[in-house]
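Below you will find the structure I want to go over with you.
Note that the chains take the letters A, B and C in the order they are written out, and that residue 1 is the start of every chain.
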Amino acid sequence: MDRRVVLGLALASALCTPALGQDKSIVVASTTSTQDSGLFRHILPIFKARTGIDVKVIAQGTGQALDTGKRGDADVVFVHAKVQEERFVSDGWGMKRFAVMYNDFVLIGPKSDPAGIKGKDIETALKTIRDRQVPFISRGDRSGTHSAELALWKAAGIDIEKESSEKKLGAWYKAIGQGMGAALNTAGAAGAYVLADRGTWLSFKNRGDLDIVIEGDKRMFNQYGVILVNPAKHAHIKAALGRQFIDWLVSAEGQKAIADYKINGQQLFFPNATVLGA
Amino acid sequence: MRAAVTDLPLELVDASLIGRDVHIVTGLTLTLGGGAPTILLGPNGSGKSTLLRLAMGLARPTAGRIRWAGRAAPGERLAMVFQRPVMLRRSAAANVAYALRAHDDARVTELLDRVGLGALGDRPARRLSGGEQQRLALARALARDPEILFLDEPTASLDPAATKGVEDIVRNVAATGVKIVMATHDIGQARRLAGDIVFLARGRLVERADAAQFFNAPTTAEAAAFLRGDLVI
Amino acid sequence: MPDGASALELVFGGDPALYAIVALSLYVSLSAVVLAALVALPLGALLALTRFPGRTFVVVIINAFMGLPPVVVGLAVYLLLSRSGPLGSLGILFTPKAMIIAQALLVMPIIAALTRQTIEDLWAEYREELTALRVTPARRVATLIWDARFSLVTTLLAGFGRAAAEVGTVMIVGGNIDGFTRTMTTAIALETSKGDLPLAMGLGLVLIVLIVAVNALAWGARRVGEMRAG
């Protein structure tokens, strides 16, 4: 009899843990690149100190994050794929999109620059990579970075998706279906080029032989947006708390917190909530 | 308290059992009644164990029938001690308590004392010697307050001192009115304990008689050969 | 955890975030084993002791499910617990509760299959004695499980090992939320993807030490138990 009591207690205590801050908390679906950059570690404590709200961040690819929002498993989505975000809102899954901040993408590659593209503009560089069939790693995971990468290829006159579906794409282009850190690890190991967001690059520690090859091109601009998931679609969405988070992100204090986040003295994200059309 | 149902007389009528691992017995017909111990005697492989299992209700005959006081199913007051007792992974006292229908510490102590294990109640049962474990098995069987106690060669693996210990207990139990049905291939043991002898060979009941009659004047050739010390094949 | 800290510094420096992650890993995996055992121990024992049509099929399936891919279990539980899923109203996705449930499901087949084998072997030994004592089927199950307890501890350890080592299940249903659902394995995956390989390896060593420690404790408990009960 004693044994059963002990087991029962163990089970009961396992399932009845005190809910950590579940009274005042929200779930935010964001992207792996944002998490890997360490931004949330910096700004969320500030938000909590001001409002007492616990923000639980789930880091996924942009595609998966938006899907999580559609399923109602997150209260807020915070991603960087403007087109997909706007569709999210127009399809009724989100209330309104607010611009928050931007960073830029950089083209990373081996220091030896086998494609000889350093200093060129991004379109020329990509064309050269394709023509010379130099190894290139793609995230291939419907993420914001992946969308941006495909858009840049298109600007260079190359339709990667079409060529891939027609099986015309050579072995030089490898889509790994993983996050930014994994893509950088793979590029380093394979001596390949990869498009990365500056935030992840700055906090990436396994650089090996990699370095920035191209940066500053206006087309490599990476805009972040935040959206409250539509409470009409899922009754339990914590709309009030979610709105507080969004309001704070675009407020002066939130924007300053974002701007203050630096790695090795370098700012990663540039707040632009007030910029029209961002 | 429910009226205890008796299992005697225990009748086997033309019972046979055929199996792969089990000794074959054929056409067993005998009736066991109360009274002095009945010893099942015979060489190894003669079907003694099988007969015990049939009588205990552990095995069902493939032909013929068994009746316990006229009933087709055995009652509650049967107990059995096997050649190699299996002890539960707990203390000696706990093993005895396990067999009791209701929690009764006094009775556990009484039973342990009866088999001479009173001082070893707290010892892990598996750490007792062979003879001690066999006596513990007896205590456990007696906890069921049996009307009939079956024993399958209980001292076959024991030294003479331990054997005497077990035999003494069996005699005491018989004296309290419990019917003993015990299998052995040891003629000396049969002489010491028997009321009547059931002699088996090659799966058949060959001879049955009172002990005195059997040992002095066996009527069958196999029994005579066995008593002489010949191998009965 | 401070980025850029060396792994050793972290491990021996008493970092509270690390302790929290270790505590959560132990809590989730141990709870999962307890929960799984409550279902799988009796199930395994029943399978060992009963015969019914289709029994062989059930045994084969349970044995096969010992190799269930964790990520598949994670995905299945995620779909069940998602707000858009059948059990969404429970609201436990992305919490330790979901992780415990998912890992328990992952580990149930191992415990059930090994229990079945252990009990079957023990029943062969105990069968005549327990039948002679007219022990009821329910009591048989309890007696066999209790008498097999030392072997079953090994079985539970096998389950714990599987739970503590996996990442696919807890990553999907837990979400690897910083300070809430981040376990050793998901933290290792994260640090690897961030390129901080020394830290990831350091965490890996801590995890291994943890698993060894749990096994050593269980072994010690078993020895003490065996000496006391034979």
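Criterion: contacts are C-beta pairs under 8 Å (C-beta built on N, C-alpha and C of every residue); 3 or more make two chains touch, one makes a residue touch a chain.
Quantities reported herein were computed from a predicted structural model and do not represent experimental measurements.
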item	value
Chain pair, most C-beta pairs within the contact cut-off	A-C
Most centrally placed chain, judged by C-alpha centres	C
Interchain centroid distance [CA atoms averaged], subunit A/subunit C, Å	33
Chain centre separation in whole Å, for subunit C relative to subunit B (CA means)	47
Whole-Å separation of chain centres (CA-atom averages), subunit A against subunit B	79
Complex interface listing, subunit C residues touching subunit B	125-126, 128-129, 131-134, 143, 146-147, 149, 228-230
Residues on subunit B engaged by subunit C in the complex (per definition of touch)	56, 58, 76, 79-80, 82, 85-86, 88-91, 98-99, 124-127, 140, 144
Interface residues, subunit A side, partner subunit C - complex	7, 10-11, 14-15, 17, 19-20, 22, 27, 32, 35-36, 38, 40-41, 56-59, 70-73, 178-182, 184-185, 200, 203-207, 234, 236
Subunit A-touching residues of subunit C, taken from the complex the two chains share	3-4, 27, 31, 34-35, 38, 82-85, 88, 91, 93-97, 100, 175-178, 180-181, 190, 192-197
